[in-house]
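You will see subunit A twice below: alongside subunit B first, and alongside subunit C after that.
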Partner chain A sequence: MSPDDFVIVWQQYPAIWAGFLNTVTLLVFAGSTSLVLGIVLVPMLMSKKAVIHRSIGFYCECMRCVPFLLLVYLIYFGLPTFGIQLSNWVAGFIALIIYNSAYMAIILRAAWRDIPNETIEAGKAFGLHGSKLLIRIVMPLMLMRSTPVIGNQMTQILKDSAFLGIIAVSELTAVMNAIQATHFIPFASFLSAVLLYWLICLVIEFVTLIFIRYAEVRRA
Partner chain B sequence: MKDTLDVEDKNATKVLQVQGVSKSFGSNQVLRDVSLDLNKGEVLCLLGPSGCGKSTLLRCMNWLETPDAGSIRLNSQRFGAHKGGAKMNDSDLARMRARIGMVFQHFALWPHLSVIGNIVESPIHVQKRDKKAAHEEALALLAKVGLQDKANMYPANLSGGQKQRVGIARALAMKPDVLLFDEPTSALDPMLVGEVLEVMHELAEEGSTMVVVTHEMEFARQVASRIIFMDGGEVVETGQPAQFFSAPQTEKAQQFLTRFHQRG
Partner chain C sequence: MTAYDYWSIVQGSFTTVGVSLIGILLGVPLGLGLALLRWARIPFIRQVCYLYVSIVRSCPAVTLILLIYFGLPQFGLSLDPLAAALIALSLTAAAFSCEIWRSSLLAFDRQQYDAALAFGMPAWLRVWRIVLPQVWQSSLPGLVNEMTMLIKSSPAIAVIGLVEITRAAQRVGARTYDPLPPLMFGMCLYLVIIFVLVRAQRRLERKPAGQEVRV
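Then we have the complex of A and B:
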């Protein structure tokens, strides 16, 4: 391998840039949607009604036990068997979202259970109940307590998105794979990809840190 | 008669009526047929050894615990059931709870809200009062408990005594019919107990209606209008503080006070 390999790789910067943007788009859209759906699911996971918490719990367990790649195969290659034909992008987004919403819900449930009972009870004693109790007291504390873990899950989503090259979503890994295949420079291509993923991870960490700073004094 | 009892009567002299309340946790019966009345302006101190059921009784008073039997009435209005016996839903219960202020042993402030945010939370979001007015009242309450300079701090940055004074201001902000105190000083450093008791003393002098679960005998002796002594989930003795502390009538109360004097 010569340093020139890297020059060849980076000469393809328009393609790399496009792949990089696609990966960031997958991360931002799937990440935020998963978090929102996790927030919606967690009251059901904590529901007193067994039918509700068992069924949502079952879904979360399923997602936790399925390899992400298999889920992508099921959605993209399996669903057409039942007449549901999805484009590669739509299939990719759906896979990322239904997989990671379950993780988010599990993360948030742990944080919810960790809130001291007296804090929530004080809300009830002061006349808050139902959705208002959730929105005013439980949810803010739950989110602040789980900020570092949510940040970690965002890096997981970023890495999961690399699988989507398999169904021809032109994200960063797929683009770099195409470059190495054309020019026979696998090491330079893949190492460049690794550096770019690392860069995105640094940004995720930075954003997480801002939220952690905000939460620090407010979550005790 | 029953009908008139089930609607709210703001002018009732009996603010809180506990009738035949029993409560068990599993096979452990913590309250046995407890009855008591609380008159307007009265300070009731609940005393008794740990595990005697006094905190559970207090928590039944605002329905944080649901009694297995018996009833709780606030200004003649029954908790948990409407006139005619229909079960109360969560929002009816919440509305009744909002008329009772509670101060918790471990403060239970909402850590994500600033000091003033804690105080205005229920007035604004439950009682739907005007935001500006609620903030002004909150600042006045903070001045009353000596914390006007802490309005924008977060609970994490306060000492235990300061947290509890915020807890009291939060309870007062709802303009409650009755204030419940659940061992308000037992989680505090001995150095900080005084500042909290001082505020409670002041409230009692102003004529607030209060129920206080406490182990502070001196406070109970000075401030209580009536002492309720409990043991084994039952009210064992009721009396004026002067009489209760100098000449307790029952053997259990005598033993309790003797043990307390030996320790203190």
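Then we have the complex of A and C:
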């Protein structure tokens, strides 16, 4: 291993850039979609009807107990049994979204339970109820309180996306694996991948920090 | 699927649990060491620890395992897949448990440490007799949670050829041309393993506070 290895790796920057963009696309698209789905699922998790919160709760617990790669296999290799054939990209996106919506819902539920009862009762006293109470009082508080944990989950989505290389989605790890296989420079190429992932994580942390600041200002 | 197929997936679960367990047994003390180094506020080492934790925590399990398995032989360190997987998992566990230890160290009442100092205890004895017993209690649930996280990221070791639950299930599926039943069976195994761990974690969290008051 010599420093020249890194030069060889970075001479492939069009491929690396493409893989990097794919990873970021997976992260942004799957992350935002699962956050939205999580927001939709939370009222069902907190529903008073046992059938609804039991079934959604069961789905969330299942996702919590299953490794991501197994879900990817179930969707990519298992669904064709029922005649549903998905391309690797679609399967990857669906797996990321199904898996992480459950986590988002669990995170948001914890934040909802943390909201002091007085605030919600004050909202009711002002005549808000049903969806209006949810949108005006519960949702903003819930989202602001759970910002740091949502940021953490985004990191988790980024890390999960590396598994998609196994079903031939050309994300960062898969691209680096291809480079390492062609030029026999595994250490330099995977270390570059690790550093690029770190870079993305730092950006996620930075964005989360901005949201946390905003939340602190709003609460003051 | 034959009985042997089921058995091969169950054997995979031994690998999954075994590798994760050894990973955490090696990683937790390492993480404690890192956390204590950060807690001690030694100028340069502290930044190095922070950098290590930050990078490893953001690194996907697959990438780390590929880096170790394919990268280290370039330095003359040839590893078999099992050793590479163990190193990768314990490095991850060290980084994550460092954060857990650190948060309970931050919550630790520093006055007690100072009191022990007033009694003239040497540094290692202060950590061993005063800090550790209390920090251990408060970080145990987090460490069990870390174990479930490790089990969930363990399918990454399949990329270097180790046969754990996911890979065993996929192999059976590839042979029988019917991937759904083995994958579902694998999923049930994971459900059982993680359910047990989550139960253990809840029990630990429920443990009544106040034990530390005992004089």
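By definition in this document, the second predicted complex is superposed on the first by the 217 of 220 C-alpha atoms of A that agree within 3 Å, B and C clash if a C-alpha of one lies under 4 Å from a C-alpha of the other, contacts with A are read in each partner's own complex, and residues count from 1 in each chain.
Here, a contact is a pair of C-beta atoms (placed from the backbone, for glycine too) under 8 Å apart; a residue touches a chain by one contact, two chains touch by 3 or more.
Fair warning: this is a prediction, and the values are worked out from it, not measured in the lab.
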Determine, under the contact definition given at the top, whether A:123 touches first (subunit B), second (subunit C), both, or neither.
first
Can A:193 be said to touch subunit B (first), subunit C (second), both, or neither?
second
Which one hits more subunit A residues, subunit B or subunit C?
C
Who does A:140 touch here: subunit B (first), subunit C (second), both, or neither?
first
Looking at A:217, would you say it contacts subunit B, subunit C, both, or neither? Reply first, second, both or neither.
first
Kindly classify A:132 by the partners it touches after superposition: subunit B alone (first), subunit C alone (second), both, or neither?
first
Name the contact category of A:180: first (subunit B only), second (subunit C only), both, or neither.
second
Taking the superposition on A as described, I'd like to know which of subunit B and subunit C A:69 touches: first, second, both or neither.
second
Touching residues (chain side subunit A, partner subunit C) in the complex
1, 62, 64-70, 73-74, 77-78, 81, 155, 158-163, 165-166, 172-173, 176-177, 180, 185-187, 190-191, 193-195, 197-198, 200-202
Would you tell me which residues of subunit C are touching subunit A in their complex?
54-55, 57-64, 66-67, 70-75, 151-156, 158-159, 165-166, 169-170, 173, 178-180, 183-184, 186-187, 190-191, 194-195, 198
How about subunit A: which of its residues touch subunit B in the complex?
116, 118-119, 121-130, 132, 136-137, 140-141, 144, 217-220
If we count contacts the way the header does, which residues on subunit B are in touch with subunit A in the complex?
62, 64, 90-91, 93-95, 97-98, 100, 102, 104-106, 108-113, 121-122, 125-127, 154-157, 170, 174
